[in-house]
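The following pair of complexes shares a single chain, subunit A, combined with subunit B in the former and subunit C in the latter.
And now, the complex of A and B:
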């Protein structure tokens, strides 16, 4: 039975629950918007990394360099789309 | 065809390795798809018109349940793949069924949430904010719904044919898809619900 629950997965699950509770602190505790947003950004990125590395085993095959590159490229395009749109439509640039 | 016996069964043929590789490329495209939906949401989040704002309609408790269900289902499908690599078909199927039940629970809460919104007068046509919100949530929910059928199809194949190079490959690719949906949900949880509740 024990072999069905590898340490890596159990730790990853515990870590993701912990990150959820930390993210939740932005609602339960009183803090400035900038600090809250930073906490959300850090916890969400950490969650995504836990999933990719511990659960999806992105680094286990010999293609791992290509996989990391294509996922990072997709994230790059996504972030440019989000930041660029906010810059032109909401924040302004003057 | 090169066979590398140090890798698990789902990587055992050239075709299997390429399918897993190709699925990661597809996930890259999915990241960009959800990035555009998040873009629309962020740009329109304050355009509430005469409708309610995010902090008025978002409720923390059901969202926390959804998050917990999806996080746990991501954990159980990881355990399912681990059991599959040990060659334990029964444990693998049990973990996969658990995953799908948790996914169904998630979907149930989400549908209930949508019904609540509509009863409160917050429909997809009420404001630009709600259009963007429901498109984002709906696209994620549609992915989960599709995943439930996909998971059932894989369970049937594993039950009938056992764990071989084909079925393990399909199950592994499905697990990548399911973990990815959890990642997307984490971003929805953080930047739609939690952010909406504090601003």
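And now, the complex of A and C:
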């Protein structure tokens, strides 16, 4: 019976609910812009990890190397695009 | 919008003529299909096919058609600027054709040609029976076709986009481009972009999951490698375009302020987003060409590809660097020295992996026994001409020097020197190389070579003068100039070259008809003495590709098996599982087309109704039970016997 209980999924569901509530606190509680954004960034990353690991089982398939590589690549492209756009459009703009 | 506004482009005689010829052409096709009773055949075998080879052939057919559409635009531009103060086109018409020339050539000629070749070749090269998601593949094609049709419709109905293929804001905003032209831009590109994105997902999955047993990643043919990397770039670059186009549509049709100059909008953000997609896009069309050249050079030099690992590594590095250089497209738009410095360095860095590839190709040919076939001529022509493009690229990469070159004909000459020998020579080489695999007969070599020499020589005559004109200060996108500038003679020379290029492309198309009539049909499967798996199966390829899926132990297994006298396709036949055909992708894209067309004119109610049609097909698909079908052993045996000709 123990094997049949979807422990991971229930845990994942709990975590996602918790993370959503924490993220929601940014709107309901009164806090500074910097703190609010830090909370949002951290919970968003945690949420993405929960989804990938607990629901999409990223580490459990035989081609996990491919999956991790493509996620790394995606993070690389995303970070470059965002930081680069900020650099060209705001920080480095004369 | 009144009818008069919608049909205003037809007041111009040239456009009216083009419109009439399109209508006449359509009537001829419809009448022909009816007369020869081919509607059923056409519908069953082409419109509703999910076969990767047929989809590939349709991609290439559209690409060739669009080559002529874009080519006519180019000829008109060169004719207009051939002499000073020419009145052939007015400024508006000139704006429209340089915009559509760019769009058509990049998105509706280069892209489908590349995607068409990858459709035909990749499953064969990796020993698969189809792509991972055959029906998705059909949707990709029909969405692309819908986008292509929509953009081509624009010049008759409502007016073409006229703000350049880059559609920079604020010029592309409703304030400065009040016609529906740029609505066409955002929606047509959106449709075909969605198709391309699906192709990306499809081919990554195919290459990762469906390789023949034993074919490790580092044992894949170089073309497959280049396509894998290309599709990775597609998947990461195209979403940026999707978002940018959606924002453009919102700005133009819903009054948002993303790219405006007031209310917190930022016009430069469009240029930024466009090139975040646009620069990787350049590598999306050039890397497959690198793959094609690698195959062709190894095949016709009769040698193993030199430096396999460094070839793969350099492509991976190029794909990463391609996301790091986009700001070099707007050095002069006001960011500081630090930003320009960073992007200068990353841009020049791309020359290093590209140089590695160049030397690898040269070293592959060293001591080789080269046979000068048409595909090999394109590969050989590519190396010196592309190098000129690369060297001028490094010149442009220097931000401070770029202030001199920016927006001049020097830039135009540079990117034609990269894209024509790179992409166009590449796809033409692949087209001549794999033609016998598609249709079972060769293209005539004499006509092929004539086409190559006409194109290679005329290309230089057309575009080399533009370097000089650019250095003399001739700005791009000027519809005319005065005689006192002295730009006349070189522009005339360039026009003469353009005529030669047109002649070259006509020879290539004539070659199809000539070879179809005259070339022998009993061509053997391995016409070129090839190296990779696609040459192991029959020409033309049977529906199931391989009767027995070959097992691979090394790179170029087929080549070594041939030398050792082994037959890698031998084995016991088993029934083969194949996907069913479906016309749903065609009709679904039809609804997409209608939705986009109505959206262009902001007719939201019919657009939403058409979108409901799209959703209807999605829902139907969710409830559809389609487990494919099996080809029986007897049927395979019969087909194999017929294709072998049992001599």
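The working rule: the second predicted complex is superposed on the first by the 85 of 94 C-alpha atoms of A that agree within 3 Å, B and C clash if a C-alpha of one lies under 4 Å from a C-alpha of the other, contacts with A are read in each partner's own complex, and residues count from 1 in each chain.
Throughout what follows, a residue touches a chain if its C-beta (ideal position, glycine included) is under 8 Å from a C-beta of that chain, and two chains touch if they have at least 3 such contacts.
Nothing here was measured: the structure is a model prediction, and the numbers come from that model.
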> A:81 contacts which: subunit B (first), subunit C (second), both, neither?
Replying inline: both
Partner chain(s) touched by A:12 [first = subunit B, second = subunit C, both, neither]: first
TODO: For A:26, select first, second, both or neither according to whether it touches subunit B, subunit C, the two together, or no partner.
DONE: first
Subunit A contact check, subunit B vs subunit C, more residues touched by chain B
| query | Can A:63 be said to touch subunit B (first), subunit C (second), both, or neither? | reply | both
Practice item. State whether A:73 touches subunit B only (first), subunit C only (second), both chains, or neither. Key: both
- With the two complexes superposed on chain A, say which partner A:89 touches: subunit B (first), subunit C (second), both, or neither. both
Answer with first, second, both or neither: which of subunit B and subunit C does A:38 touch in the superposed model? neither
One more residue to check, A:51. First (subunit B), second (subunit C), both or neither? first
Going through subunit A, the residues touched by subunit B and also by subunit C turn out to be 63, 66, 70, 73-74, 77, 81, 85, 89
Within their complex, subunit A touches subunit B through residues 3-6, 9, 12-13, 16-17, 20, 23-24, 26-27, 33, 36-37, 40-41, 43-44, 47-48, 51-52, 54-56, 58, 60-61, 63, 66-67, 70-71, 73-75, 77-79, 81-82, 85-86, 89-90
As the complex stands, subunit A meets subunit C at residues 63, 66, 70, 73-74, 76-77, 80-81, 84-85, 87-89, 92-94
The residues of subunit C that touch subunit A in their complex are 208-209, 232, 236-237, 240, 266, 268-269, 272-273, 276, 320, 323-324, 326-327, 334-336, 338-339, 342-343
Residue set of subunit B touching subunit A in the complex reads 7, 11, 17, 20-21, 24-25, 27-29, 31-32, 34-36, 38-39, 42-43, 60, 64, 67-68, 71-72, 74-75, 78-79, 82-83, 86, 88, 91, 175-176, 179-180, 182-183, 186-187, 189-191, 194-195, 197-199
